[in-house]
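Next up: the structures, one after another.
Look for chain A in each of the two complexes below; its partner is chain B in the first and chain C in the second.
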Partner chain A sequence: MRKLFKKPFLSISILMLVLLSACSGKSSETTGEGTSSKEGDVINAKIGVISYITGPGAAYGEAITNGFKLAQKEINDKGEVNINLVIEDSAGKQEEALSAAQKLMSDDSIVALLGPTLSTEMNVVGPEAELNGIPIMGTSTTAEGIPQIGEYVFRNSLPEALAIPTSIKKAVEKNSVKKVAILYGNDDVFTKSGFDTMKKVAEDMGLEIVTIETFQKGQSDYNAQLTKIKGLEPDLILCSALYNEGAVIMDQARKMGVDVPFVGGNGFNSPQVIEIAGKAADGLIVATPWFGDKENPKVQAFNEKYEAEYKMKPDQFAAQAYDALYIMAEALKNAGEADRDKLKEALLEIKDLEGILGKFSFDKDGDVVMDPTVLIIKDGKFKVFE
Partner chain B sequence: MLLEQLINGITLGSIYAIVALGFTLVFGVLGIINMAHGEIFMFGAFIGVIITSTLGLPLWIAFLAAIIVTGILGYMLERVALRPLRGKQGVSHLAPLISTIGASILLENLSHHLFGAGNHPFRNAFAEISFQIGSITIYLVQILIFVISVILMIVLSYWLLKTKAGKALRATAENIETASILGVNTKRIIILTVVIASAMGGIAGILVGMAFNSVNPQMGLSMGLKGLAIIILGGMGNVRGAMAGGLILGLSETLIVAYGDSGYRDAVAFITIIVILLLRPQGLFGQKTTAAGR
Partner chain C sequence: MMLVEIVNPYYLQVGSFILINIILGLSIYVTLSSGQLSLGNAGFMGIGAYTSALLTLNFDVPIIVGVIAGAVVAGLFGILVGIPSLRLQGVYLAIATLGFGEVIRVFFVNWESVTKGAVGISGIPHIGREIFMVLKDAGFDPAIIGLKNNQFVFLTVFFVLLLINILLVWFIFRQQNSRIGRAFAAIKMDEKAAESMGINITYYKVLAFVQGALISGFAGALFAHVMSYISPADFSYHRAVEILIFAVFGGSEVIVGAIFGATFLTLMPEMLRFISEYRYMIYGLILLLMMAFRPQGLIDVQVLHWFQKLRLPKRRAEHGSKNQKHL
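Our next item is the complex of A and B:
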């Protein structure tokens, strides 16, 4: 009897497990209601979002989708444009990003795409969007050449090629730097592109590069590289890393007695660095479009709303996503209707749009035009580097 | 500089060795490669973070809690993923491997949900204690890691060779049916093995957290793969082999960075392993005939 009972029970529980995993595997969620047609004066638009929601970089996807959702709520409350977001997970993988994009593009009611999160993903999704004639805007893709993929490809994230030279120049001026060491993640397009920029800037400025060291994503021991750097006594360390790895690198460096300042790229710029590395984060110099402590009523209002909604401080990924949706809304309003081609034209005409990141314009390629602020971490806080 | 790098290498190698000891124990007795071991190790590290950083309790409680939690995880792994497959007709010998891979994915995703995706710092006063010799900074944790790994190896060897439970365990490893006919409670021995191996993973987790100040849900995977490579290098199911293999891998990785190019770190380390295996296919301490000899 017991055996008889056990078998169906087992198969049912297996079936349930399969069902459960099927549900969670490809999560697609739709927020808001309505279709993409024009009702009265309100422009209804459906926008697809591809984000890194599961996997090692899920923290980015979380911040980004939070930023979108917050902006969506505000824009829809205003009543001029009504936006629906269809959110798809890319898991940080090219092939999954592509299939998510294809799924979204085949839906004719979707007027534009936001995302994907990584530049690697954008390199495969961008050309596909170009082919289908759908505007796509990256909110966190900072590698070189992204907007040059095609006329439908935009971004509102400050490219490394603009941010890094600003911060290196300032750091070199203030600390009279002569020798630099470079440390970067060599398994990611983003950190690799940051490294290329760093190396070029250092060479152009006539700095001596004492060594170039690499690491891989998710590594936990950087002592070997750091000991080597310590022995070569650089005045400044250029570190192209995402904050998760970067914070641990700084912590281990400070423990070892390396106390020279670090210059980081965009991915290094997060309040999380201070949370993870604590005191060791002091001396990190970054150039950023986003400065949370800026005394600007718009920025402060965003901080408050974000913290109230998600119980944590917004980082630049949330801020860029938030602004991106506002840019989309503005363009939709100017375009007058939810049409892919009209939206593309309207996006290109965006000029000096006041957002939480500052005044924003697109150049002819669909790339960012704006001035970054250089920040340094001091006493556990980001401060303007003067 | 060289001395510092050697200390780095020995620290890393000792951690690899402790992880590999857990692997090799389960392999020696059950003949199963436990792919979930890395994730159990990661859970141990997270328990350490929660106890010391979040709750602010002393370190020894963290060790105790990590041993208990990872021990329970090991028990559950045995009950849910391994025992149902054991001794059944028609079950492929690869089935337990796959079910432990399943368990590892489950544990990784679980820790994503419980702890979040980012790195967690391991703040503890003990991890800050250091000595300064010239320009070299040595942390007490680094010495502790080495000492613990050596102690674990010695205790494990003694336990396996000299005690009754250890003999029962080796008998089970030799042949389950015969051992069980001769009065060994093989079920209990197997549970004991998996639990001890998991608890060792938990200890390694806390040590890594303290040494590198970085704990995240992905740390289990790379550590698990390295552990696997080490037991193949040292000889499957061999305690001394796991220790030697761990140190070789840790030191070679560190020295490649110090005197070569850090981009080739893993490549050269694994080429070393391939070369050693070409010369000694059974691993450094492995025996030619039986897979599970000790």
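Our next item is the complex of A and C:
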């Protein structure tokens, strides 16, 4: 009996010993290679990246890391700043994102973090980065309250709270809208936070909300909600959905004879909508920082380089990541050396930096200040909505 | 100086996740030891996490009270679910409990006024930081033992969890060799036979189920206070399957199996970080090979005996005289 009683303790203690020995072995490894110092005029900096590389959302992580790598190459070629990226996978899980962040943060030679991909992950990683005093910048986190986590938390992705009001205002002006219907996915952080903004904007503008309908992730039949909406005859439908559900909703709405325009959030903004819904996608209005067909030499050059390198068209995630690294490089240059606190101060001072998304500045919280472009789908193509 | 180098927040963080996952693995081990396959542990975990998070945030309850309340509420739900689903066995129970877990998740999504829906709850008090604050007010400075603040925070979390784990393993181990444990084992072997021997099946089955619910609620509450942020997506059916895999991979017949499974499966993705994109492929492959060659899990009673045999003769040779070798 006593012998049996000892076993689990023994195994636990062995496990912990193994763990501890693993710890000591590795930590010495990482300290050896830390060399982020100033050599001549070139600022050497190591930046950690936490990205969603494996799992169902891996496409986002891929686009984002591609954007970073492309920008890294260009920046390093210029020779003013030499950036080293250390990329870690989060698999879209908060625990893994936190572990990855801890791993990167405990390396003292890393001056800043880029990522993680999802807002849920940022909610966990952000406070930890704040505690450790390392600047962290989200390139795809659009939910409310992210930069407000702390002084060290930034983002360069256009939040829903900025994109949605712009698109609603433009749509309302253009179509003299009085009655709106809202449709949203209530089990996803992204679509839920988009809905909160939509509702608030509609109320502030004095629009009559005829109904609020919900759906769940992966639903395929929206006829019940759409029938109700059709009967109430709104002038505009505000739809907070990700593109895969959103496209199906538009398709079914058009088939049912609902032909009023739709306003969507950031997640609705994808060329995939046109591919899935075809002609039914006409009349979708979105506000976006990224418009690939913009006649701007910088944007076109980026498109070409990206396509040559990765054999596909860049999306907004790649574009945001690309700009994010340029922002970091600019801040590093202004900071003069690779130091976490100096970098944070320099980031806050970034103003009107010209990137492929347009002119970019941070506000006092570290949130985005920029003008989004409002787009509408017409004849199966995204066009500027004027 | 030595301490500063060894106490790396990253390793401690991974260690803390391992310890939480061990508790989760144990929660399903207990229900499995009475022959019931429950997939509702993610749901119970969610109940524990939300109860504790909401209590500590809205009513300023100390974390320890919140965690205990979380476990108790999860346990109460365990009774509610356990009694009616007594009639179900095997796969049918698995499906019913899986359904329960989803109901709980959808409930958290829709009860927006309290749970903030899919957005989740952030800013939940952190175990380590709270303890640190209390000690700091009492005039303690981690620099005395040569640690930075954040190292100290993670070290406390790790040791608190380790202590909880040791107590829990000790409890389950004692129970296993008691009358209750024997009753569980008898029911697992053959329910009818156990009943005819005079074992109160209803009582013991509900007891095992409730214990599982209680422990997973407990783990959930700890999870909430280690992550500082929870959302309904954390308690989806993926989590339920993950918990089941902990026990099944390591071996669901012995307690060491669940501990080993949780440790190994949490540690592996971290160890494989250097191959980034491919690490989950290897994870899947290992699971596949495992189930093909050792469906009973990596560690079972035979393996434990084998280990014992391996150890015992050595010990005798060390302590005994040379003559004994010939006997």
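The working rule: the second predicted complex is superposed on the first by the 350 of 386 C-alpha atoms of A that agree within 3 Å, B and C clash if a C-alpha of one lies under 4 Å from a C-alpha of the other, contacts with A are read in each partner's own complex, and residues count from 1 in each chain.
Everything below uses one rule, namely that a contact is a pair of C-beta atoms (placed from the backbone, for glycine too) under 8 Å apart; a residue touches a chain by one contact, two chains touch by 3 or more.
A quick note: this is a predicted structure, and the numbers were derived from the prediction, not measured.
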Touched partner set for A:109, first chain B, second chain C, both or neither: neither
First, second, both or neither for A:143, with chain B first and chain C second: second
Partner chain in contact with A:127 - chain B first, chain C second, else both or neither: second
Greater chain A contact set [chain C / chain B]: C
Partner chain in contact with A:255 - chain B first, chain C second, else both or neither: first
Chain B versus chain C as contact partner of A:221, first or second or both or neither: first
Touching partner for A:334 - first (chain B), second (chain C), both, neither: neither
Partner chain(s) touched by A:95 [first = chain B, second = chain C, both, neither]: second
Touching partner for A:189 - first (chain B), second (chain C), both, neither: second
Touching both chain C and chain B, counted on chain A across the two superposed complexes: 54-55, 186
Chain A - residues contacting chain B, complex: 54-59, 62, 186, 213-216, 218-225, 227-228, 230-231, 244-245, 247-248, 251-252, 255-257, 272, 275-278
Chain A to chain C touching residues, read off their complex: 1, 4-5, 7-9, 11-12, 15-16, 19-20, 22-24, 26-28, 31, 53-55, 87-89, 91, 94-96, 98-100, 102-103, 105-106, 120, 123-124, 127, 131-132, 143-145, 186-189, 191-193
Chain C residues touching chain A - in the complex, by the definition given at the top: 5-6, 8-11, 13-15, 17-18, 106, 109-110, 117-120, 122-123, 150, 162, 165-166, 169-170, 173-174, 177, 227-229, 231-234, 255-256, 259-260, 263, 269-270, 273, 276-277, 279-280, 304
Parts of chain B lying in touch with chain A, wherever the complex brings them together: 1, 4-5, 8-9, 11-12, 112, 116-121, 123, 130, 135, 137, 139, 208, 211-214, 216-219, 221-222, 253-254, 257-258, 261-263, 265-266
